[in-house]
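Two complexes, one shared chain (chain A), two partners (chain B, chain C).
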Partner chain A sequence: MLFVLSAMLIVLIPGCNSTEKGGALSGDIAERVYVAPGELDEFYAFISGGYSGQLSIYGLPSGRLFRVVPVFSVDAEKAYGFNEETKPMLETSFGTIPWDDAHHPDLSQTDGVVDGRWCFINANNTPRIARVSLSTFETEEIIEIPNSAGNHSSSFVTENTEYVVAGTRFSVPYPQRDMPIDEYKGNFKGAVTFIKVDDEGHMNIEFQIMMPGFNYDLAHPGRGASHGWMFFSTYNTEEASSLLEVNASQNDKDFIAAINWKKAEEYMAAGKFTEVETDYRHNVWDESTQMTTSNQVKTVRILDPAELPGLVYFLPTPKSPHGCDVDPSGEYIIGSGKLAASITAHSFSKMLEAIEGEKFDGDAYGIPIINYDDVVAGSVEQAGLGPLHTEFDGKGYGYTTFFISSEVVKWEIGTWEVIDRAPTYYSVGHLMIPGGNSREPFGKYVVAMNKITKDRYLPTGPELTHSAQLYDISGDKMELLLDFPTIGEPHYAAGAPADLIMPNSMKFYRLEDNNHPYSIKSDAEARVERDGSEVHIYMSTIRSHFTPDNIEGIMVGDKVYFHITNLEQDYDVPHGVSMIGANTSELLIMPGQTETFVWEPKRVGVWPFYCTDFCSALHQEMQGYVRVSPEGSSVPLSWSLDGEKMGGE
Partner chain B sequence: MKRLNLSLLVIPIVICWSCGSGPGQTEEAEGLEDTRPLGQASVVDEESDANILQVAIGSEAHSTLVAAVQAAEIEHILVNAGPLTVFAPTNDAFGKLPEGTVDNLLLPENKSDLATILTRHAAPGRYDLDALKKEASRERKLYMATGDYLDIVVDGEDVFVGGAKVVGTIETSNGIINVVDTVILPE
Partner chain C sequence: MRNVLTFIAVSAIFFACGGGGDKTESSAPGQVKMPATLAEAEANYKSYNGVGPIESFELTSEIDEALAAEGMEIYNTMCSACHKPDKKFIGPAPAGIFERRTPAWVMNMILNPEEMVQKDPIAKLLLIEYNMSPMANQNLTEEQARAVLEYFRTL
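On to the complex of A and B.
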């Protein structure tokens, strides 16, 4: 009995402590995250879904989830990857791929400031970059990255959205070929890709720089004076191909690669590239036709840094740097060595002087290595264990996550002194300050994205949602305000003031602008057309019926396309549709939109379809029937509404 | 085209009314907000097609009906997803009632009676003139939101519902407005 009592005491004490360390009971913290019913959040947060393949959108400070945007993974809820309009979005040179690992969202910028137009995000596994519209929160474009594998050092945007970059984590044989793995050294290459973004947001691979066979981990753009440069962290400069946890941790220093992309543009203009054969897909959604087209691209232009002076320099950086972050002024490039005891800050102006003075410590595959002492500006010493990523508040401070010691550490740019530290629960990966990697961060909150959840929520598992934590960073000390659950595994995130996004929101698609090849503009145009065994149903929806809703003359063996146009022109009135036995998802059709699913009836009978979205008071009445006759039947094709035949043979 | 014109009319008026920023409107709108929630009727949406309430507010011939809807506090019903068919008596229709009837119904203590009378002018579903004729040809009555059934009578080109003649039909985003020349009172 005594033993039991003392065991209870032991259990109770840490229980009390855990409440205190959260601090949620103290002061006015609840009020600071409370967004009253009907009120709106101050910020949008775009949080990657990791292995969910999606992008999730939250409000800050409430932590309320607004939307999961399907990007690299199919989503039956929104028919993404299931309807005929979006299927081509998931095409790759390897065929259709229904999933990927989405890592690093980054927002478009103008003059180094987030501009609220697009969010870019990378697929890690089958290398791709996607562009999501911030007026519709829909994926509008995906471009595949050739010569790449493990597209991790992506998708970071230059300060006028000139380029989105994509760096390969895994170096691979270049060109790809059948060869022994242990001949990695010198034969494997790491491509970093510069994707040009035009004024409409459309992406095109402008060039690739074929770098040595290291692992390219993360990147961030120069800004201000360093605009025109892009910085990539590297590890595995040992060029190991096995047991990397040991063999890629041998060198005291790896590199941050500083790439002068304006120089690259000069070399491109001078024709100093090699155009090589390749094969990748470029998938683009057209707002007018509401269809995605997947195009095959057969060549890519390559720049060789060993042959092109001034294109790339290596900045030695301790112990397998992971995060590679640039402060708002553009002067400091922060490298966080995963295994280092300190955070390294390189100076851009010192780098230029060192290049000018040729203060090099040899080269790696023809790329000059700048003397460490001639480029380093300082380091934050003994800040914690396992530094990963840094964001900035725009008030002179950096905030770095430490995975092993589970904390966010605030330090001062220039003095490199630690100012404050706050524990995270538990083992934080990335962090995000809205606009935190731009010239003008909104330094009010930081979101920490944790890898380990354990006891933060009701415990039923074994799988647990990853936890994010919100801190107020407006004062000297960071204050933990809120835990909230996330989708998949958040890696990076991006944030912007709601005021920047809201004015551009599209409420619905204008019916008069709908140029979908199978759209109809009124009930009167509804019809069914047969072409051999292919049947196209031009159907409309309006509260609360389908037109037509009775169709006869369909046969087993037909391939039936339901093209549904939602005739509503009213905000937030989608209609859904699904058909018994259709081997695909439902459709969820926004006002003014046309979407298509395919049904291949296998059994004779009369089969119902219905609206899947509770659209109106008479939603439950929104249904119809299709009569399926045997193959070769003489039942004529006909369609009707309310007993009135609309057409047919 | 009729619908479009009405929509154009209604937009500026709705903005003023919703935001309470129009001249002479501020006090009234704020007063409303202070006393009760408007529900969906408070949603500001300048892009969607106009709903039944927005069209009614934009129609000068329906100012009595709108005042009655506001007095009965049933605005939210007319902006709901519907679909709803509203038989909307004109000001002249209200004028045909015995003197003092409207003023009496607008008294706060008669709010419930007023709401019932107005709700009896609304049918779940979407019934334009053709649909009403079709219902009549099938010898069906029209089921109203109060649970009553009203007769539909077709006389040549004219359609009467509950004795009120339909003099115009307007499509809205959430249903149909059939303008009628008579207030439909309980039998």
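On to the complex of A and C.
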């Protein structure tokens, strides 16, 4: 009995220790994030993978990881970037790139409300924007952004998904050329790109606005009354090209750039653009053929803000503003000066009045600078140190992260008073409230994404997972509920109610709609074709065999394409396949889908291949053999199943 | 000791409460007694209509050739990877199927295979007979399954 009691005490002690972090009633808190076996989470969270290049899908409030969607980096588990179907997705004007730094997921919207169709995300390093389907949870499209570098103030969508924007963080010579770096000023430019999104989600670069050579850091669209405008924060208005740590932090104020994209559309329609030569790739997945095509595009249309009045205005904003966030009403534009202690709120209606009354304080490269006092609505004073990003709960409050003082601060829109503050562990960057950058946030939880983890998890050597933290914001006070680990370094995230996404989640691809050029619709079509040293195997899978599973007549020096169609037509029955010695990844083929890997056999012998995804009680039996003969051999090409020759010479 | 038991019981209740909705489903007791062998079941096959959307139905006296042709096409795409018309393969051969199964049973096996292998006496025995190789649910519509049955009549 004593033993049992001591055991119970031991169990309780760590719970007591954690109360300073978890609140007094940690048992109660555990229940609030506990999603029982068989139960489902209330929200989806789409969390950027940062330097992993991918997009992670989590459930809230449990913090459970469901899937990692490969976007900008290869993923051998899913054959992304390895199979013939997805290789073109990673093509750029610089050639194939197997990695990038994925930053800011943003969900498509209709009437300013998250609509659950697509998630967009940007590649920061080699500038690109990707679109992920929230039906298949696959990357369907990647468009490269020309004339840009450090694609950071991206990929934010306007309130009817008219555009997704991509802004330049590292201004570069325009046009790119061989020139001295110290001649940066005036010669480097920061392109801001507006990508039109059509009803199917397909992207097309409509125009670029060639802005002065500042660093365009983050962005958010206007909504409601301010729909038609896009706001970008800037730093390095000093136009430094070296030791930016010091030299880009000299000015007391930088700018938020207010871009009137409806005006830009008028100028485009009036032909006020210059069409210039360029070179970028536009890679599109076709669900019908299940193939990605990489297209080269050679021109882009440029608008010059110095020549086009009313297109861009600068709003002075203190201390290198980072986050640029718009409240649900669209009236307030929040600039978080990352080297300041306060948060600045600009007023959209005051901005319009100031423009009307021409209350300008000079210009920068021909772009009018609005008087600070004539646009500012207020500021949240001394809220913390190093404000970065703000999201909204839809109940009149903003929530801002403070990197230096490691906290989330809740403040009231309009009075600019601090209501509550909660510590983060540690050094929080972005935060996310589901729908928190839309007209209608779902203000129940906020996820804080921290840069420093230190003592929050069991150590795993020098490299630690980045910690996310979940807070309940349904009451007056924020309550820390949960820590959960993440992949890579999450920057932004987006969230939506499960009810919005779940019903559209695809269960399997319909075989009748599979127009892959190498698909087969039945075993009768299974075959092997030789064209010189190129061999195409048209193979099928179903629980639990390959058809054909014995192939002879392959020779060293051949290039063998395995085109495998999964004939299953049911939910959750993928088949995998891998071949000994193949210099590529496995395939993971969803029901009704066709995928292709290439094998170049180097050694004579009989070589097995097998199913890599446990598919049934007979999964271990799901294998086959390929006989490889010497180059020039007379062994005829033949293929069979169960001893029955299906075809061949 | 009694305290310990109480503690355990209370814990169990606590966790049970956290579990949310009650989703247990009582497995339907079979109306027909479980046959010992497939042969025994087949001798009495008219008693088994299976478990699923089809309660019972009769085939027409004449074979509808157009429907059978349509069924053959569906069979070739959706079924032929595991079933050869007149030879035991991954699964049983459909030739002469209506001498061993009722039309409703065949429909239910196509439309509802997961539940059939759990609850229907013949399907349970078949799963064992075929080394636990599952019948894949190919998500045919009732109309498609009906066409496949018509094709089976021509075999």
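Definition applied: the second predicted complex is superposed on the first by the 626 of 649 C-alpha atoms of A that agree within 3 Å, B and C clash if a C-alpha of one lies under 4 Å from a C-alpha of the other, contacts with A are read in each partner's own complex, and residues count from 1 in each chain.
We take it that a contact is a pair of C-beta atoms (placed from the backbone, for glycine too) under 8 Å apart; a residue touches a chain by one contact, two chains touch by 3 or more.
The model shown is predicted, which means the values in this text are computed figures rather than measured ones.
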Clash or fit, chain B versus chain C on superposed chain A: clash
Chain B versus chain C as contact partner of A:544, first or second or both or neither: both
Contacts of A:567 with chain B and chain C, given as first, second, both or neither: second
Which of chain B and chain C A:618 touches, first, second, both or neither: both
Partner, of chain C and chain B, that touches more residues belonging to chain A: C
Which superposed partner A:606 touches (first chain B, second chain C, both, neither): neither
First, second, both or neither for A:523, with chain B first and chain C second: second
First (chain B), second (chain C), both or neither touched by A:246: neither
Partner chain in contact with A:642 - chain B first, chain C second, else both or neither: both
Shared contact residues on chain A - chain B and chain C: 508, 542-544, 568-570, 573, 616-618, 642
Contact footprint of chain A on chain C as seen in their complex: 1, 3-4, 7, 18-21, 23, 76-78, 80-82, 89-90, 131-134, 136-140
For the chain A and chain C complex, residues of the former touching the latter: 1, 4, 8, 31, 34, 36-39, 508, 511-512, 521-524, 540, 542-545, 547, 567-570, 573, 616-618, 642
Contact footprint of chain B on chain A as seen in their complex: 507-508, 542-544, 568-571, 573, 615-618, 642
Interface residues, chain B side, partner chain A - complex: 45, 47-49, 51, 80-84, 124-126, 134, 173-175
